[in-house]
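Both complexes shown next keep subunit A, but they swap its partner, so subunit B is in the first and subunit C is in the second.
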Partner chain A sequence: MQAETNTEELTYLYAFIPTDEYEKNPFPERKGMDPEYTIKCLPFDTITAVTCPVSHQEFSEEVLQKKVDNMQWLQEKAFHHHEMMNTLHAEYTVIPLKFATIYEKTDSLEQVIEEKKEHIHSIFHEISNQEEWNIKIYTVKDEFTQRIETYHPDIEQKKQEIEGLSRGKQFFEKKKLKELILMKAEEEIDEYCERIHEQLMKWSTDHEIKKNWERKLTGRTDDMCWNGAYLLPKEKVKSTLSYIEEERERARKKVFPFTFEVTGPWPAYHFSNFINRGEQSGG
Partner chain B sequence: MAGESLQTKDVSLLDVLDAVLEKGVVLKGDLTISVAGVDLVYLDLRVLLSSVETLVQAQEQESQEVVREEYIDFT
Partner chain C sequence: MSEPKVLHEHQPTGKIALDPEKAEEGLSQLVMTVVELLRQLVERQAMRRVENGSLTEEEIERVGEALLNLEEKMEELKEIFQLDDDDLNIDLGPLGNLM
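Up next is the complex of A and B:
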């Protein structure tokens, strides 16, 4: 299809969806990133680009660069982008694009699609009928460490050994003991999270282990000790969630408590990228 | 737990920004906006996001309290 080019508007690109799915189930009218315009689905052969016209005044490179520094604006637009992805994901196989992927001309969008056609099709195939779920595990590390100090048999044994030493030696050994306690706590936390992860990998077709976010970022009073994204076939979602629920229940009854935060289904944000396929990041 | 759905209200701003700014397919657009390249590991952005998130949570709590008061009034 030859898309219409309008020099007065830019084209904001949300996502790619397969044209056959779009034709069976056309996307209803909906306001776009620029509320003056509605969502436009542009079929380019077998790949349909979900776009929205945006005005030069609001979305030109110079204006946008200033706007993204305004957190309120960024929040509103990022949520809009995300909500669009969720809506699309509920109906179609969707490849989500990064926020603020904008084209001046639909001709260049068409050209990019043509260049990436094979990658796009292979991702459609990989993520079809799958959902991304994010699983985070938290614990209060200070409390965890204190409990290790009180209850761990290795620590108890070490303490008894220290008791039998001379005062001078005790000083150094106690210092070492503190390090040992911290190390044991880290080990136990890691082992716990790894065990959960191993189990989740049995159901997932792909995963990404993400960096743990600090308290100042999460705003929570406990510490994130696992942050993983999992790509799950739809038929495995129920068992995965039931497993997490069982672990959550088990953790509640344990001496060392862990809490779980599960969010999903997300569109396959973590599993749609071209970069792992020998492509360079652009734009 | 099962059937949990990803409504915007259930997801933190941080999760959304992490997904839409950090993840998703990078295609060469005609415009270059550096926010798309901002890495969330940068501390200053983390702090900024955190304060925005706290603000959002405070607003949410406020609106929940209003709803609760209304509920009490009706019973």
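Up next is the complex of A and C:
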């Protein structure tokens, strides 16, 4: 964000929505990111920018850099942004913008929209009547590995072979076996998740495989082994969720248990990135 | 080595406790961490040599037995100092864990 100190108000940009949808269903009055102001929808021809004026004293680049260290402030504002996206998504086809996308002047916002008009329209077209769903799969990797060690036929055979070796050789072979067990466990976990993913791809129009989060991020006692975002046509959501429910049931009965975490519907956060980070700064 | 004191129950933090009041505990944890790091490095080097065939059968037996004894000794020491595997690791932040 670039902001000049002589500007009184800046423009916080939440999202883009199609003007025809906005005209049919105007957005009700609501407090904005800066509670001193209300949400303002600015139609620029066929594209409407959902914005809120924010004060320069509170949201200039220099002030924001300090404020992001204030966890309470950040949490409150990020939550507001997130809530706004969900509200917009419930009513319109929405291209969500990243938190803290701020323009110095509406003229520059208009210029960006003009430049990116075709791309914005193509994203509207791609995400129209679609929902983003996030699907995460978890298992306790340590337990999974222990069970592989106990039940896998290859491992059992290898163990018997090692028993017949001398003490020194056993040391190295046991180390290799430990690596083999870890590898087999990873392979089986990957195979399981890939199988689910293959099925989900049949219903989704787009997907993004994300990095698995560590336990300290999830706060859970099991390990994330799949983290995918799927763009689903609304009419496919029901069958997708039923499939996950069936898999959830099957997984409960397995020797190697997997658990599913399904969240959605979300605005198409992962499928509507029309401006890269550098360009997104207001100018 | 002097008789180790009974240490308090603690949760692994991935950090070495160098509290001045508990310097002895922190120091033993630090020393054990360094020894464990060296032990693992030696073990990996030996494993590489076994796998690339640069050791004779007799050497493999000798090195394997030595490493096994070292591993057993480390387990004993961990029990004496009431440390577990997580205690002998250091959280290097964005670089991940030491071991």
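We take it that the second predicted complex is superposed on the first by the 267 of 283 C-alpha atoms of A that agree within 3 Å, B and C clash if a C-alpha of one lies under 4 Å from a C-alpha of the other, contacts with A are read in each partner's own complex, and residues count from 1 in each chain.
As a working rule, a residue touches a chain if its C-beta (ideal position, glycine included) is under 8 Å from a C-beta of that chain, and two chains touch if they have at least 3 such contacts.
Every value quoted in this text rests on a predicted model; they were computed, and no experiment measured them.
*Asks:* Taking subunit A as the common reference for superposition, should the pair subunit B and subunit C be classed as clashing or as fitting?
*Replies:* On the superposed model, which is not a single observed complex, subunit B and subunit C fit side by side.
*Asks:* A:37 in the overlay: touching subunit B, subunit C, both, or neither? Say first, second, both or neither.
*Replies:* Touch status of A:37: no partner.
*Asks:* Could you look at A:100 and tell me whether it touches subunit B, subunit C, both or neither (first, second, both, neither)?
*Replies:* After superposition on chain A, A:100 lies in contact with subunit B alone.
*Asks:* With both structures superposed, pick whichever of subunit B and subunit C touches the larger number of subunit A residues.
*Replies:* B
*Asks:* Once the structures are superposed on A, label A:79 by its partner contacts, choosing first (subunit B), second (subunit C), both or neither.
*Replies:* first
*Asks:* Touch check for A:243: first (subunit B), second (subunit C), both, or neither?
*Replies:* neither
*Asks:* Pick one for A:219: touches subunit B only (first), subunit C only (second), both, or neither.
*Replies:* first
*Asks:* Closest pair of CA atoms, one in subunit B and one in subunit C, after superposing: how far apart in Å?
*Replies:* Least C-alpha distance: 5 Å.
*Asks:* After overlaying the two complexes on chain A, where does the subunit B footprint on subunit A coincide with the subunit C footprint?
*Replies:* none
*Asks:* What does subunit B use to touch subunit A in their complex?
*Replies:* Contact set of subunit B toward subunit A: 1-2, 4-6, 8, 10-17, 19-21, 23-36, 41, 46-50, 52-54, 56-57.
*Asks:* In the complex of these two chains, what residues of subunit C are touching subunit A?
*Replies:* 43, 46-47, 50, 60-65, 67-68, 71
*Asks:* Which of the residues in subunit A come into contact with subunit C in the complex?
*Replies:* The touching residues are 166-172, 175-176.
*Asks:* Would you pull the subunit A residues touching subunit B in the complex into a rising list?
*Replies:* Per the touch definition, subunit A meets subunit B at residues 10, 13, 16, 59-61, 64-65, 68, 71-72, 74-75, 78-79, 81-83, 85-86, 95-105, 108, 112, 116, 123, 134, 211, 213-214, 216-219, 238, 241-242, 244-245, 248, 262-266, 269-270, 272-275, 281-283.
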